[in-house]
Amino acid sequence: MNSSNRRFSNQSSVDRKLVEQEEQRNDIGFGTKITHSQSRLINKDGSFNITRINDSLWDRLNIYNRLITMGWAQFFSWLLLAYLFTNTLFAGVYMLAGSDTLKGVDDRALNGPFWKCFFFSSQTLTTVGYGHISPDSFLTSCIAAFESMIGLLAFALATGLLYARFSRPVAHTRFSRIAVIAPYLDVNAWMFRIINTRANQLIDLNITVSLSRIEPKADGTPTRKYYGLNLERSKVTFFPTNWTLVHPITSESPLYGCTPQDMETSDSEFLISFQAMDDTFAQSVHTRYSYRHDEIRWGHKFRPMFDGSQQGTVTLDLNRLDDTEEIALN
Amino acid sequence: MNSSNRRFSNQSSVDRKLVEQEEQRNDIGFGTKITHSQSRLINKDGSFNITRINDSLWDRLNIYNRLITMGWAQFFSWLLLAYLFTNTLFAGVYMLAGSDTLKGVDDRALNGPFWKCFFFSSQTLTTVGYGHISPDSFLTSCIAAFESMIGLLAFALATGLLYARFSRPVAHTRFSRIAVIAPYLDVNAWMFRIINTRANQLIDLNITVSLSRIEPKADGTPTRKYYGLNLERSKVTFFPTNWTLVHPITSESPLYGCTPQDMETSDSEFLISFQAMDDTFAQSVHTRYSYRHDEIRWGHKFRPMFDGSQQGTVTLDLNRLDDTEEIALN
Amino acid sequence: MNSSNRRFSNQSSVDRKLVEQEEQRNDIGFGTKITHSQSRLINKDGSFNITRINDSLWDRLNIYNRLITMGWAQFFSWLLLAYLFTNTLFAGVYMLAGSDTLKGVDDRALNGPFWKCFFFSSQTLTTVGYGHISPDSFLTSCIAAFESMIGLLAFALATGLLYARFSRPVAHTRFSRIAVIAPYLDVNAWMFRIINTRANQLIDLNITVSLSRIEPKADGTPTRKYYGLNLERSKVTFFPTNWTLVHPITSESPLYGCTPQDMETSDSEFLISFQAMDDTFAQSVHTRYSYRHDEIRWGHKFRPMFDGSQQGTVTLDLNRLDDTEEIALN
Amino acid sequence: MNSSNRRFSNQSSVDRKLVEQEEQRNDIGFGTKITHSQSRLINKDGSFNITRINDSLWDRLNIYNRLITMGWAQFFSWLLLAYLFTNTLFAGVYMLAGSDTLKGVDDRALNGPFWKCFFFSSQTLTTVGYGHISPDSFLTSCIAAFESMIGLLAFALATGLLYARFSRPVAHTRFSRIAVIAPYLDVNAWMFRIINTRANQLIDLNITVSLSRIEPKADGTPTRKYYGLNLERSKVTFFPTNWTLVHPITSESPLYGCTPQDMETSDSEFLISFQAMDDTFAQSVHTRYSYRHDEIRWGHKFRPMFDGSQQGTVTLDLNRLDDTEEIALN
């Protein structure tokens, strides 16, 4: 390899330091340039607060993903609409091919030829095929043969979508609405807590928390910085009760010496990434959450969620997730 | 960042020690406050012994999870019930719409108009549609068109549920009913063993064992403590025969110097988390098990499970899983 | 915790050494007691050569697993048999309920009442429901309503099984029929090679090789020992061509100084565990293979599999997988 | 173990060095012998540029894989063809068995007996079964019973394929068409960037980059070498915007001192392996990409993709992915 033509700086030790320093950025994917935004980075539903333009229509529609993630009522409404639309379409085609070739019933009982075609179409699409209306010409037989194939494929698609919807791994966790800053050992700590709202078990939980805030560069221009926060414990094997996540504000914490005022000025946001294993299907589940500076209660601690009134059994009261009480900080 | 307003202790070296010490807790998710319970933490079926209140009705029902994990007899009973209920419902609707618009058979042969509607409904729901009963009015045709769509979706759902049930990754492992404390090299060891009850292969097995027991704090109040137990081997690649898990009770073990009496007093429970890969589908399988102090045989060892009577082949006798014999401890 | 009652040895440093020594066993799950067997541990199809007795009938049948792993011809034969059996069964039930209540055709055209019942059953089970035979009594209508539900569920089951069969992650790799011992750098090395027989891509391959052989203990009794073998490279990211796995026989290798005679005496077997990611579905695929002492060619090396006859393109000739040629050993 | 028969070199320290040296090869699976090819190793669609001969017909067809990965239009065309072919086949069988035993309609309305058989076949295969044509002999009843079973299985297969197609994990990422060499801190760096074209989220991204080029051995024969390239950051947790991958060309980089001319001479190609987690289904997604020497712009940098025109929201313009501008190198 010819390397005589060196146009590069050869201050390699300096280079490496700079590179290493740059590597220590804890940017988790948002980049450092989002500084003018006064809104949150991660929405409450776990999506990102970024607008995209010039994506293709197909990518923007993202049909499969939408059909999987929309609510059940909306999903069934779309199914019903598609069913009615397809039947109307094919009813039109049968009308063009001649409704009189669909034999077997008196049109008038079914409100005229269009509805006869419509009902014949529905009986073909669903393959129920009573036969009291049946195609009695070459053309309508062809259309019916095609429609019944379409029908089977359409319901095959619906079967797949239904299965995909209910087998999709979703973390049914609830985060406390607010985080607190409470005393912890000899220091204070930033804390939030979560519960599993479902009876099915989550195992091997893993949580990471990053702090994002705007800081001025040496030249005074604002830049967005990211810090990984050390947690007292970031993994648990089982999740049968509630779990309180604790970031102790020791002198190494980026929160050390920070006041509520500082947090507001710097547009601080705590970004949480949650991962666990759903035990029922051994599927990995993921979710995101964030707390902004105005969702933190200074000098509050969480009240226990165990209900002591029922002797002999360990009872968790899910309604107490957000219960806090005042406490003096260290 | 303004940090003049320091309200925090700056004993950072002390702080870190405390934090680190706290980090060494081996709590696996139950917390330290479950001390009044005299029942087990993990049930024999792997679920957690925790009662939950104030969870929402929907979360408590957890329908999908129940339909997946209930027994096959119960599952098919629910399917049959749903089928009968839906047909009865639609039969009622057809009665309201006028059973005389369902033409083609003599009502009396089918025990009257209700049953004619019921059977017509079943023929529509399953899309069998013989056609010897057929809708001969606009209204009943509409209902039938709707019912046949519902029918296809319902059976699509059933297809999905059936597939989800039999493709669900389940570890068909059997744990020995009791654990033993037997001599091992120069010390004693706590042991249990497991087998794969199915012929399909499990690979890359991974087992962790924790000891949970109640200990008094410095001030005498009881607190629940957790210890990870070192295993002689906690991973194997293949699992063709039985596997005996061995925790040697060396001086570093929390069991060192412990008597059966101690175990009972401290409400000791061994919590086991099992993970493996099912070879057929390359799916991860998980299960949990626990041994309480009264499920441990002191001074017993497991008898080999190999059956020597059949020469030339290696034969494993699954019935011998729980066979132990007395042996003097070190 | 009361620890006065110490019945344990307190030679903790000695204990730990022994435990650590024991930990170094590389047993991969077969145990040390299989010494009388003169047959292989891992069969050529990747299954284990272990016989099991006293497993329950249900576990031995392992129906789901069998239906998934049997050949396609066998699978479809079972489906056809189940279809014929179910129709015969229901035909019998219709005969008992009275074949004359199934109306619409002349029995004689269908070879008598049994076959009329049989064909009616098949038309109900598959929900084809022509209606030229139809149930005209309360009892047969009930049976038909039940059968059509059974039919839909049965085909739902078949749908699930079909999907499970073709979506099952299987590694379509072929191992060279023999391994070789060939010169490698300044030493010799034990080598085998593999190819991907399919056009779909495998990525992130990972191979581990263990040597299993029978060695005498200090007291002369034979015991089965396991050694992990170091590979020149045990991971590759892509697998577009063939891959030759190389274990260099340096002085640290358990094969160092070993002769073909030694291998035979000690019943040596090389156990291979293969893992990769199928790119099409991002599924993990696993397989096992083994070479016994009589499947190793000493003083042979593999010939290249590239076909040089076609200029300009890189061409891999799958037929050359097992091609070797003699070479002098170091 | 008898080890008297030592035929091996005992220069073990030398051996190990050589082995270790060899281990440092960063070959990612293509091997060192592909030197005559002047075409790329990885195609733009992520497949490998290797020709295979003598693979079996079955392996070459690889039907399942093809049906999963072909385009939707092609897939539906094959389905339609299979449907027409199967119906034609069964129509022929019914003709042989006697088309006059299919009763109920006047042949002439359907263009003669063949088409009557064809339409009856389609009504049986899809289980629509109107019944206006029905089998009225033992033989045709048998064929129809068989065809309806085949029909259900075929559509079960289609259901599975459809589900497999749309649930397949695919990374909808777009790589910048060109890579650049731009100044970075005190050195220069090789850079490319990627975006997520879909609205669904990718998390836990992981990218590795290897450089492949032909270098002469000590004896002058060309050999293909591989180098893993250090990236400023190779992992991010979230991927809401664009991500620029940066390889700083420090003195440790294999690109250090390299000119455009060098790259062309050595047939340099940058091989990229991309892995992430699709958040919707918690599925792992993989893709590959490569840049050849003629796809690198020296002395260009990427322009930001954020659109500053819309105040208050963070807006990403996907059209700007390939936008670069000239810049002087360090």
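Worth pointing out:
All chains are identified by letter, namely A, B, C and D, in their written order; residue positions are counted from 1 within each chain.
Rule of thumb we're sticking to: contacts are C-beta pairs under 8 Å (C-beta built on N, C-alpha and C of every residue); 3 or more make two chains touch, one makes a residue touch a chain.
By chain, UniProt protein names: A, B, C, D = Potassium transporter.
A quick note: this is a predicted structure, and the numbers were derived from the prediction, not measured.
Homomeric contact subunit B/subunit C: same residue numbering on both sides for under half of the interface positions.
Between A-D and B-D, more C-beta contact pairs are found at A-D. Between subunit B and subunit D, the centres computed from C-alpha atoms are 37 Å apart. Centre-to-centre, using mean CA coordinates, subunit A is 26 Å away from subunit D. Annotation for subunit D: residues 123, 127-131, 159, 163 touch two or more other chains.
Residues 79-80, 83, 87, 105, 109-111, 115, 118-119, 122-123, 126-132, 155, 158-159, 162-163, 166-167, 172, 185-188, 197-201, 203, 205, 215, 232-233, 236-241, 243, 248-252, 256-259, 261-262, 265-266, 277, 279-282, 304, 306-307, 310-319, 329-330 of subunit B touch subunit C in their complex. Residues 1-12, 14-16, 18-19, 22-23, 25, 27-31, 33-34, 36-39, 47-56, 59-60, 62, 64-65, 68-69, 103-104, 123-124, 127-131, 134-138, 141, 144-145, 148-149, 151-153, 156-157, 159-160, 163-164, 168-169, 208, 210, 273, 283-286, 288 of subunit A touch subunit D in their complex. Listing the residues of subunit A that touch subunit C in their complex gives 127, 129-131, 159.
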